[in-house]
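Take a look at the structure below.
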Amino acid sequence: MLRFNNDYNHAAHDKVLEAVMNSRNGSFAGYGEDEWCSAAADMIRKLTSCDDAAVYFLPGATQVNFIVCAAALRPIESVICADSGHIFAHEAGSVEKTGHKITALPGSDGKITAAQIAEEASKYYDEGEKEYLTKPGMVYISFSTEWGTVYSRNEIAAISEVCKRYGMLLFVDGARMGYGLGAEGNDMSLEAFAELTDVFFIGGTKCGAMFGEALVIVNRQLQTGFRSYMKQNGAVLAKGWLMGLQFCALLQDNLYFEITKKADEAAVRIRESFRQKGIPLYIESPTNQQFVLLTDEQKSRLEEKYIFEFMTRTPEGLNCVRFCTGWNTTAEEVDQLIDDIGRL
Amino acid sequence: MLRFNNDYNHAAHDKVLEAVMNSRNGSFAGYGEDEWCSAAADMIRKLTSCDDAAVYFLPGATQVNFIVCAAALRPIESVICADSGHIFAHEAGSVEKTGHKITALPGSDGKITAAQIAEEASKYYDEGEKEYLTKPGMVYISFSTEWGTVYSRNEIAAISEVCKRYGMLLFVDGARMGYGLGAEGNDMSLEAFAELTDVFFIGGTKCGAMFGEALVIVNRQLQTGFRSYMKQNGAVLAKGWLMGLQFCALLQDNLYFEITKKADEAAVRIRESFRQKGIPLYIESPTNQQFVLLTDEQKSRLEEKYIFEFMTRTPEGLNCVRFCTGWNTTAEEVDQLIDDIGRL
Amino acid sequence: MLRFNNDYNHAAHDKVLEAVMNSRNGSFAGYGEDEWCSAAADMIRKLTSCDDAAVYFLPGATQVNFIVCAAALRPIESVICADSGHIFAHEAGSVEKTGHKITALPGSDGKITAAQIAEEASKYYDEGEKEYLTKPGMVYISFSTEWGTVYSRNEIAAISEVCKRYGMLLFVDGARMGYGLGAEGNDMSLEAFAELTDVFFIGGTKCGAMFGEALVIVNRQLQTGFRSYMKQNGAVLAKGWLMGLQFCALLQDNLYFEITKKADEAAVRIRESFRQKGIPLYIESPTNQQFVLLTDEQKSRLEEKYIFEFMTRTPEGLNCVRFCTGWNTTAEEVDQLIDDIGRL
Amino acid sequence: MLRFNNDYNHAAHDKVLEAVMNSRNGSFAGYGEDEWCSAAADMIRKLTSCDDAAVYFLPGATQVNFIVCAAALRPIESVICADSGHIFAHEAGSVEKTGHKITALPGSDGKITAAQIAEEASKYYDEGEKEYLTKPGMVYISFSTEWGTVYSRNEIAAISEVCKRYGMLLFVDGARMGYGLGAEGNDMSLEAFAELTDVFFIGGTKCGAMFGEALVIVNRQLQTGFRSYMKQNGAVLAKGWLMGLQFCALLQDNLYFEITKKADEAAVRIRESFRQKGIPLYIESPTNQQFVLLTDEQKSRLEEKYIFEFMTRTPEGLNCVRFCTGWNTTAEEVDQLIDDIGRL
């Protein structure tokens, strides 16, 4: 069986594993206060052209998400996000557990617009104090989104402008940052994220690392005491250097960006083979996640050889499923899948 | 510089790293629902002679601690522990963050007694409803403790009895379980933990793994929905199998127990060399953590070659410091340190 | 200016104030452990035909709402309610503050249906464990609702059945219980609430008391330790007897039910006068809250003499406003308003 | 039986009840946005000589305490208080429920000293960042304390200085403010509280009101959004004006200060009669709470006629009990008690 179910089913890129093996005889300071984390943070500050950014490494994306919320928001503040947002739909109420309401805005493609956000924020900010409402304190978006789409630079600039207008922070979940940046037609960059947002992260787990996300805090106020929030919520790893060195390996010679871009291209090849076969796309995605609508029979046929993810059943009785490539996906695997799609 | 500062300054035991490397071409189900986690859980159920135990793998010990509290306690319930307990003294208020008060009992050696616990519990339970007090719902102890000491089987049995009497859960922080079990004179065992407690964990991070703690939930009620608590608090690792295979490697052929026992023996050699030198021990520890009282000059001399941890300054002007061995400590390193202690 | 803005703009019914004055020379035990609270609880147990109910008195409805949630739900559990539900829309995130997500279901009349609830619960309960979702643990409905409507006995029985099927608690916010019960055509009763729900409250603040809500906990498990939840969340009033005696006064000789029924009748008279005038009703309400759609001019004209509440502006440019009667509303006040409506 | 058990066993001072009765025919804006609250706030701003203070009225003291903590502290911050502090010992973990650790300092008379606070704060602030510790963000003291004692102006000024040095807020629980200010030898004043602290409250419940505490927020930053914190935690009373008018009644013509001073004097008479009888005082208190050590026989004898509070049993087998006077205590009641003490 070949796995196209997600982008985290292989251990890590060879360069990452090599780096871990090469460190085996060394000894390091604990809790991320070591030379690897320091070097990786420097690389990221350079890549983002943001010398003042605080960069921290946390084991997983759910941790990043709720810890940023916990650190950024006062108890009466809430977060605005898309109704498909990972924090709203897939994290078991982790943000509410920290005491904050999430206001989910509807969207069919994983994205929300500056206009939607402005309308929601205006209800609170433009009509006098309303002590019975939570105060929108942060906007959370994902890049790429849960549906594989990406925001354009203009879209994020517009959202950023709304956030500034109302004093809300802008936070970008970049668990799939590499796949977003590698998408055909993408015009965002790490520099632009540092310029337009308050805080974002560069995903490692789904982009070639064993584990680890690199959090980039641009906003100075949010930097204050952040390591205590990490500690309080169990995200300070004893052997933090293991994350630093993985990011050093991934960011060297552009590896991170190349392997994710290659995965995007593979996914687009798969998408086009579905399209040629006349199988409807659920959504037009330029990244490593592709969503198509299969009949029961098509689904069964492909399940004989492939593992992929069932999303939902449409009213018409079709199956929305996800095929996901990753940094590890080989040309042969893609060729084989395309062949089998052709034979459906 | 040689590190005797802690037991988590090396990446992982060779067998662990090998296991990771060997898995590099495989692909696995995410979130700990894979064959490695399943196999490691089975090994642990066998080692504990507890077929009904739920076994989960979490990245770090702070996570385990506060998630167990969050899952086990109702909002009006509190935890009893030693005032040196990790959850009280070193986790940035992570348990209070989940909404629970910690009642810390005084103790000079990291341990608390059944009598102390009974006295505290009795204040709530034996004198009628007191709605203005929190209800002691759990007792937390560490094995080995923050001061390197271990509980005897009789001591834990007595604590267990008090817990049962008042309906409190008993939770054992086993971040240093291997070192505790390997201590000279120890009469506890994993089987005994499964018999006498409700929930405990077997530390990986400090005992030869890159990261990961194996949580063993004996209490049936506490098992219910536990994975959701893990998810909600960011402790479900995407590539969970990385923890399963590390534990498989460590538990095979008794490796886990051998390497930690060896570290205990090394530590005892160091302790005895201090004793022979006439340097006072701060506490009598049979495990891998040794605490001694150095003069300023002795401390400076050793700091030229070694990294070790400063704990506190005594009223007499001595420095309580910790020398810690680990699964990675070599005989040569110990010999060298002992030599230098001899030359003080 | 005459207030039709809400049902809590007068101090209290004369009988209530008299009762307070008559107690002035007495001295009482604190924290609700007095003879008045005891007597009022007995009266309520009789009215609900539920001998085993625990009955507590809390100062305000927001307190009741979030404390019931805090006491009833485990951290991974969420509450289902209507998107107009007071806990979702008007309490500043108080339930999320206790760590629980609210899943709001859409509804145009303040009510949700058993079918909607079943569909939502089924997503979690009928498709295998989903550790990334919160577990629906409670359903919250209001009687009467925010839009003045009431559930029929059949509707609540159906909701109760769904709750039982999935093991969810059913909680009824009865801040306007009196007005709900007094509605024309209503077939619910306090007995039926005790039979069909786990916990509900009988509002005092809006129904003739100075302050205070009578919480009726039918579910035995939820009764356990409930006073500690009240204390922990600041809802144990030092002079709790003041609430007990107010409820004694209100429940004596059916006063509570008569004054609220009279207010419903007054509201219906107002509603009909709007209807006769050809002013569209926003919703058909049988209780003390009436919602109509006024033109800007009509609104301005009525604002010269009356205080009423602006709700929202419709796309057509009409003003949805609320006229609310109360236990204190006099026939003269209603006559005058009807006169003025006639003259619009 | 005569109650000397506490200062909240009578409904309210006649002037307060009169004020409520006189308002019976009026109608008022809800949620504390009315003319009574406004007038009472103005009176308090004048009494404290603090024009910029925000003044809010909350039903109970536990609410005030945890809401101030919730609003003032970031999640990684903790509160320092005496181990007898009400928030630590008598509020069922309400502060921990909001996520904050309380660091309790030992004290035998209910007070803590500037030196103790400085020592505790210094551990965090003066030795480099320690992400595993909570950050002391607030100091909480009571005036008068749980043991009836009062801080001098010098003592509070010294504490205030330490708070300023480390950037911690100073919060004074004034549930018994009146009794503290009325104590013989007291040199604190409301003006001094406004000058030396960030936030404090003037207790109503124990000082002649039916219920209600007047919170005075001097610190500008803490004022921001405070009403939302009140709402979120259920402390915005629908008929908030009932608290405003009670405070208007109490503060008029110095009534509040006179009735509490008189209670202090009555308590001191009782204290002296115990002293003359040779019955040891547990503590020297100048306020309305008196603590003495009774033999079992003395206790039984007095229990025949009086209700008073048992505190604790000493190792010597004596009973520490509290006799508490209040605004309502009459000279006759005191005379009778003194008589009976004399006859012991």
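A, B, C and D label the chains in the order they appear, each numbered from 1.
In this section, a residue touches a chain if its C-beta (ideal position, glycine included) is under 8 Å from a C-beta of that chain, and two chains touch if they have at least 3 such contacts.
What you see is a predicted model, and the numbers here were worked out from it, not measured in a lab.
Asks: Starting from the Cα centroid of subunit B, hunt down the chain whose centroid lies farthest away.
Replies: The most distant chain relative to subunit B turns out to be C.
Asks: Roughly how many whole angstrom separate the Cα centroids of subunit A and subunit B?
Replies: Those two chain centres are 33 Å apart.
Asks: So how far apart, in whole Å, are subunit B and subunit D when each is placed at the average of its C-alpha atoms?
Replies: Comparing mean C-alpha positions, subunit D is 42 Å from subunit B.
Asks: Averaging over Cα atoms per chain, report the distance between subunit B and subunit C in Å.
Replies: About 50 Å separates the centre of subunit B from that of subunit C.
Asks: Mind pulling the residue numbers of subunit B that touch at least two other chains?
Replies: 75-76, 91-93, 97-99, 131-134, 228, 231-232, 236
Asks: Line, ring, star, complete or other: which one describes how these chains touch?
Replies: Chain contacts: complete, every pair touches.
Asks: Show me the residue ranges of subunit B that touch subunit D in the complex, using the header's touch definition.
Replies: These residues of subunit B touch subunit D: 75-76, 78, 90-93, 96-102, 131-134.
Asks: Across the complex, what residues on subunit B touch subunit A?
Replies: Interface residues on the subunit B side: 3, 6, 8-12, 14, 17, 20-21, 23-30, 59-63, 65-67, 91-94, 97, 205-206, 210-211, 228, 231-239, 242, 328.
Asks: Could you please specify the touching residues of subunit B with respect to subunit C in the complex?
Replies: That would be residues 31, 70-71, 74-76, 98-99, 129, 131-135, 225, 227-232, 236 of subunit B.
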